[in-house]
Amino acid sequence: MSEAKVYTAPAMALRTALTLLIFVVLFTGLLAGAYQWTRPAIEASLLAEKMKFINEVLPAGSYDNELLADTLSLPPTPELGLKQPSTVYRARRGGEPAALVLEAVAPDGYSGDIRLVLGITADGDITGVRVVQHKETPGLGDYIEPGKDKNKEQPWISQFAGLNYPQVADAEWKVKKDKGRFDYRSGATVTPRAVVGAVHKAVRFAVTHRQELFAQEGKP
Amino acid sequence: MAHYLFLLIGAVLVNNVVLVKILGLCPFMGVSKKLETAYGMGAATTFVLTLATGASFIIDHYLLIPFGLEYLRTLSFIVTIAAIVQLTEMVIAKTSPMLQQVLGIYLPLITTNCAVLGVPLINISHSYGFMESLLFGAGSAIGFSLVLVLFAGIRERVDGAEVPLPFKGAAIAMVTAGLMSLAFMGFAGLDRY
Amino acid sequence: MISREEFRSIAHNGLWKQNTGLVQLLGLCPLLAISTNMVNAVMLSLATILVMALANVAVASLRNLIPHEIRIPVFILIVAALVTVVDLLFNAWFHQLYVILGIFIPLIVTNCIVLARVEAFAAKNPALHSTLDGIFMGIGLLWTLALLGALRELIGSGTLLAGIEMVIPGASAIQVLPADYPGFLLAILPPGAFILLGCLIAWKNWLDQRAAARERARPASPATPAEPAGEASPAPAG
Amino acid sequence: MEIVTSPHVLKPVSITRVMGQVCLALLPGIAVYSWLIGPALLLQLGIASLTALAAEALLLKLRGKPVSPFLMDGSALVTAWLIALTFPPLSPWWLTATGVLFAIVIAKQLYGGLGQNPFNPAMVAFAACIVAFPALMSQWPAQGLSLSFGQQLEVVFGLAPRIDALTAATPLDAMKTALKMDGVHASVQELLANQTLYGTFAGRGWEWVTSAYLLGGLFLLWRRVITWHVPVAFVLGLLLISGLCWSLDPARYADPLFHLFSGGAMLGAFFIATDPVSGCTTPRGKLIFGFGAGALAYLIRVFGAFPDGIAFAVLIMNLCAPLIDLFCQPAVFGKKKEAP
Amino acid sequence: MELLIAIAVMALGAVVLGAALGYASIKFKVEGDPIVEKVDAILPQTQCGQCGFPGCKPYAEAIVKGEAEINQCPPGGDEGVRKLADLLGKEYKPLSAEHGEEKPKAVAVIREETCIGCTLCIQACPVDAIVGAAKQMHTVVESLCTGCELCLKPCPVECIDMVPVPETLDTWKWKYPVIEIKPAEGRKAA
Amino acid sequence: MLQKLFKFKGGVKPAYNKHQSVGTPIATAPLPSRLVIPLHQSIGGTPQPVVAVGDKVLKGQLIGAADGWISAAVHASTSGTVTDIGPYLVPHPSGLSIDCVVIEPDGEERWIERQPLDYRAMAPEAVRTYLQQSGVVGLGGAVFPSHAKLTPSRDVPMEELVINGAECEPWITCDDLIMRERAAEIVSGIGLFRDLLQPKRVLIGIEDNKPEAVAAMKAAVQTAGEPFEVLAVPTLYPAGGAKQLIRVLTGKEIPAAKRSTDLGVQCFNVATAWTAWRAVAHGEPVINRIVTLTGNAGKPRNWEVLIGTPMDQLLPLAEPAPDTDGVIMGGPMMGFLIPAPDVPVIKATNCLIAHSPTLFPPKPPEMPCIRCGECARACPQELQPFELYWWSRARNFGKTQEYSLFDCIECGCCSYVCPAHIPLVQYFRFSKSEIWAREKDKKMAEGAKDRFEFKQYREEREKAEKAEKLAKAAAAQAAKKAAEAAAAAGSEASPAPPADDPEAAKKAAIAAAMARAKAQRAAVQPRNTDSVSPDQAEEIAAIDARRQQAGLEPPAPSPEPAPAAAPDGKEA
């Protein structure tokens, strides 16, 4: 740009617009190409992520249907602590209802919501509970995440697996400090209370509504 | 109404962009040596950030989502922001030499302030509506300006202290920012009710 | 082509003298936000290196075509496009990390170093130099970030390389400190990030100041090796 | 030529004396507190003092400063004592030591030592530790627990296991968590009826400790070590906002008196918020500082995530102090509006 | 198809923004740079050229353009560098050694007996501090001399000396208070 | 008449230590063997010596004439011979020497001719000049020429005249004694000031720890029948500071940026009034003053001392104890240690305190400020000394000014109360000197810049003028050539004289103009063409060729580009 040409404003506008246009087209093209190229891989990753949690709460061999395809949309459900619609995954074995995977929220964690996924068999057995997202104090309340729990053999969250709802009475769904059956780590009882409460409610919901939940026509 | 209030408190104090979200640090460190410059940068950033959140909401909701082009967010947001900044700069330079004197050298820096891109992206990840986005943007900007000015106040004072030589300058400023961030942790939980 | 001297100076600048994190104080946000552990830190810096190198090449080769008035928007456009590509790549192949690094991948765009280098170096230098500059600046960032990440992880939880399994499946974290180490959580939280980076900066200053003091002392009296001046630099009170 | 300048006479005062008076004023509180808690408190004071002096000496030496005059000034001791008094008395020894190290090294000496730190060192230590070790920092000896000195020693030095029965949340914390778990306890009144935990006007036993601090604070006022501005404004801030909440919903919010004599309120008002170094210095600034600290302390202890808010409130006000002072500059002689 | 939509959407944005920017860049053009003046005001106006520029103003211009570092002016000293750093928001650097050191202020004095009145020094002095006519003895007006030393070289008989300015009651300054606790003094020197 | 007193904030109460020296009346000090009279003894211009070495002088004879309006004359304190005029150490904290007139007394004490002045019959202007010539300066400490202070403001009517008999500094008692013993003359002097300033009221402020002085002054005022008010003010250092006393007596606060006359007040020390009256009523210029000798001394007392008396000849009168290790001139709050024992007494010397480690223990080491605010509470100027200290220590002088450094009166209250033992006043003096020095540098730089720019402009102009001259010469030559050519042509074609031929004349003019342009170009040929490398020369040639092609230059007398220009360039 050795010679300084004098442009009028509209001419300058045109010139800049065109230059920018060329670059934008060039790079958007590049980007769009990259997007097309990576899309399959991204979709696969997303799927894998979903399956990871589901596999943790529901053993992969316990059903034979296409779990991700057999879903049901739930409206916001206060029993599950949910203020937003959620998805229920329905596991079937040989066409018979086998288990439900559902989302729940414990709204009274120490620092806000604790999001959970639960697997519950048609008989009310809990196959697993996992924390998907929480903001509990690291090092104090975060032992509900199995990865953060110091007890690697028997993470705190694993004590739900195998319990059956009607068999474990309503009064027992409490931490030991409140005369229930669940362990807690000292100095942090708010978090386990919240989780236990949420799991309790969710199981109760699943058990009382299991008929409708399996029967309802879902959107695949 | 209370929802909006808590959103604002959250954005300004509890989830302060700089001290908690750790965004916008470069200008935070760069233009906090003197109070006057901090005022200038704060004002400029508040203006641009609020505008940017509004603009990106519109772009996202009326251009990108309808066409399924979410992957173009970064690109379109940042180009828009850069253009807003440059336009603001030119307009200010022409219309208000006074303001230009104050804000002049900071305006271009705003483009590279990651808070300006980060806040719109956070808005989207929280799926805020237009009012919420705007409020969150403004709140973040106010939070940014607030800590910038407070930081500048402390830095001016620490400037006169007998800080050990290796810590003079940026190092002690970092430590100060760390202690500020520690103090701000005290706000934790105040955005709930 | 590039001379040995130039290469050395670019490398020295990037790795030490103009280190982005410790000297230029640019690109601090990812540096502090993502350095909660070493793996995150390294992965984000790798992404940044990639973007910086590519951006510098692109700008340096296109620099003559870009009109001056809109150079900033165009630079940003280039960087943003490259960043989004990297973002997509992470999403596709390092999905877990992608989730953890969160908005900090798109934020490489505004990462001031990228733009600063593009504007300060690539816009004025040929492509090969610029690429090297980008890479070395990036490596400078990498080691700083890795060191900071390692420190924070070690002090905060007593381990190193937590989360390595996301990158190398099967690998696992190393427990460095005894398992009953209580973990000084502060190091992992934002205050710890700031304070430790402050200490790193001071450490670099201290090394530089000691080197400078040696340099000054040498011509005068070569026989003063055990000079205490460096280690306890008194405040400049007088 | 060294210039010996005017004035040639000085008032017989010194920093050592000022700090000594602060320590003296802390004694009634320490006495009542250790009577309540047991000798572990004295142990903590010892650990903190030793660590503080050692750290201060080491850092001064590293920085090439003279050690003895600065050790003698007594400020490290004040910091150490305040840390020992605000940390749970049965904290493991290393927790106290870590806090003191953090205070002396990072919050104080990195800024050049005495008089130059923008943040209150003791409160930096408290905040850093409660964030880093929330569990340990929110456990206090359970009510009615009586351990022999030997047992306390064992707990502090980690020789005995830290059993749950040993510790409990403080009255403040207990009230907050109880109210958070809606439905268990209906109202503050119901809670306060719990005679083992709550006394006549605040936490059982604690009320006498805080009263002793008040006494010490009055001594400081009388000796003119501190001015009335900060304590009065602090108490006012706490009273006003707690009174407001209380009058809005007495079932959910405890009365102002409870808050005034709970937790670290009195210690904060007279000993912590009054730290001259990190606080405001102008009279109007001090009023704002104290009021802000009192109000924030209430907000944080009642609505926030921590058992007590004094530390964070003071740190936040420390942050604002330079600006507050800037805007509260008193008018210089002759520059006021108009002479009468 | 998607690719085309993407390009179209972005192109629309590009055209709008580009046009706005281009238009504004002409409409809102401003000239002049007040910063040079501010920088020049900080420089000591000794006009000695030690910075490598033919005077303070050119150096000021170079600083603002980013062509020169801020630590090249020895007469301005450490404090000058600090002021510049403050003004321009840059990091302070110590004076660059290659441009010389900060010296105590001195003035030129012409040895009267040796001076041959060649006027060369008059021409060299950038601030007209030397008076005298051709073939007459010259004198330096002490109060005008900035101590730039530019007159030393041209003098064919080397009759100009730089003499440190003596302290008088007018120029005497109260000293920085002696810090009395100072075992650190020895180390400070190291 | 009851007068309401006001209060000022701050202030301190150091031990008075006044009783030692008030027991005995003022005595006259013996004539010293030598008098060293500094020429510069008051604020303002340095008086010029009007005597030469070897001159005989009389007591009261002018030896230094005032230099400008803010300056006061200096006189011989006794009769004798001028033995030297040159730099001697003076009592100044700098320890520097200034020009002094040394007189060897002849012991005769022969006065100049002294004449009382009927000042009421004179124009006020003349009275002021007379006071200036008599060397009357403020004896309260600031030694500001009094005649200047006796000039009322043009637009603010004078309301109060404040007479300062507070004497708030510990140890000093010279004003106390002069009020006790010479109250009548002081009151007459105050009358003189009143007549010059025409204030509505005259207020005499005396600290209430000097009841005898208050009584003496009251009696004298009554005797004189003057409407002056004598007021006992609370004893609180620095109640004697002009601003503080004015505040206490009138409620007015004088800001640093204003003169007190702007608020209709003026303040004088009692001793100043006395010297002024001596000058007017007896024709005696200021050649002596009352000095308190006290401190670590066996016989503390007030002495009437000749200006110029070496202190080592004076101090033995008080019989200082053997452990005396220095002398403080002034009080313990504001005074300074004299740099040498033999420095002379000057007009500002109100008190000499024998210094000993027991009376004035060495200061404890300075600690960092803990911002306790004691200093701010003690500061009578309501400053924030710790902020001033913070920024002075960091050498951030801009900030010190933001905190009103120049409002500080250096009273020392802040240092007195500081628990960290910080020599605060010293920091403030340091900052003030640095700021003044910087301001001086700045002025200097501005001047240098102007001169530099002027020089550049002048060089430009000279260059242009030279080029012009060259061009003119060239043009003349060209014109001549053209004329010749024309003449030749004319002689061939038509014998008409060239002037008649408009065509030819025009051509000649054009040729001349072109030549001028060329010469100009040559003249401004850049210097750097005089040492060109071969390829540069080539380049220049190429450029010239291009120019020719473009028709910018007549090709005909193609100049040798570089070499031809070189000598020109050098000469220019």
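Read from first to last, the chains carry the letters A, B, C, D, E and F; within each, the first residue is number 1.
Keep this in mind: contacts are C-beta pairs under 8 Å (C-beta built on N, C-alpha and C of every residue); 3 or more make two chains touch, one makes a residue touch a chain.
Owing to the predicted nature of the structure, the values given are computational and were not obtained by experimental measurement.
Student: How many steps does it take, at the fewest, to get from chain A to chain E if each step moves to a chain that touches the one before?
Tutor: Graph distance in the chain contact network comes out at 1.
Student: Based on the averaged CA atom positions, which chain is farthest from chain C?
Tutor: F
Student: Comparing centres built from CA atoms, which chain ends up most distant from chain E?
Tutor: With centres defined by C-alpha atoms, farthest from chain E sits A.
Student: Any idea whether A-D or B-C has more C-beta pairs in contact?
Tutor: Result of the comparison of A-D and B-C: B-C.
Student: Would you mind pulling out the distance in Å between where the CA atoms of chain A average out and where those of chain F do?
Tutor: So the centre of chain A lies 81 Å away from the centre of chain F.
Student: Using mean CA coordinates as chain centres, what's the gap between chain C and chain E in Å?
Tutor: Computed value for the inter-centroid distance: 35 Å.
Student: As a quick test, compute the distance in whole Å between the mean CA positions of chain A and chain B.
Tutor: Those two chain centres are 31 Å apart.
Student: What whole-Å value do you get for the distance between chain D and chain F if each is reduced to the mean of its CA atoms?
Tutor: Between these chains, centre-to-centre, one finds 53 Å.
Student: On chain A, where are the residues touching two or more other chains?
Tutor: If we look for residues of chain A contacting two or more partner chains, we find 12, 15-16, 19-20, 23-24, 27-28, 31, 35, 111, 139.
Student: Listing for chain F: what residues touch at least two other chains?
Tutor: Residue numbers touching two or more other chains: 93, 363, 365, 367-368, 423, 426, 429.
Student: Using the touch definition from the top, which residues of chain B touch two or more other chains?
Tutor: Counting only residues that touch two or more other chains, chain B contributes 30, 71-72, 75, 79, 83, 86, 156-157, 161-164, 167, 169, 172, 175, 179, 182, 185, 188-189, 192.
Student: Quick one: in the complex, what on chain F touches chain D?
Tutor: Against chain D, chain F makes touches at 6, 8-9, 12, 14-15, 93, 95, 170, 243, 247, 251-256, 258, 328, 330, 332-337, 339, 355, 360, 363-365, 367-374, 376, 380-384, 386-387, 403-404, 407, 410, 412, 415-421, 423, 425-426, 429.
Student: Would you pull the chain B residues touching chain F in the complex into a rising list?
Tutor: By the definition above, chain B touches chain F via 156-157, 159-162.
Student: Show me the residue ranges of chain B that touch chain D in the complex, using the header's touch definition.
Tutor: Residues 35, 149-150, 153-154, 156-158, 161-164, 167, 172, 175-176, 179-180, 182-190, 192-193 of chain B touch chain D in their complex.
Student: How about chain A: which of its residues touch chain E in the complex?
Tutor: Going by the criterion above, the answer is residues 7-10, 12-21, 23-25, 28-29, 31-33, 35-36.
Student: Tell me, which parts of chain A touch chain B in their complex?
Tutor: The contact residues of chain A facing chain B are 24, 27-28, 31, 35, 111-112.
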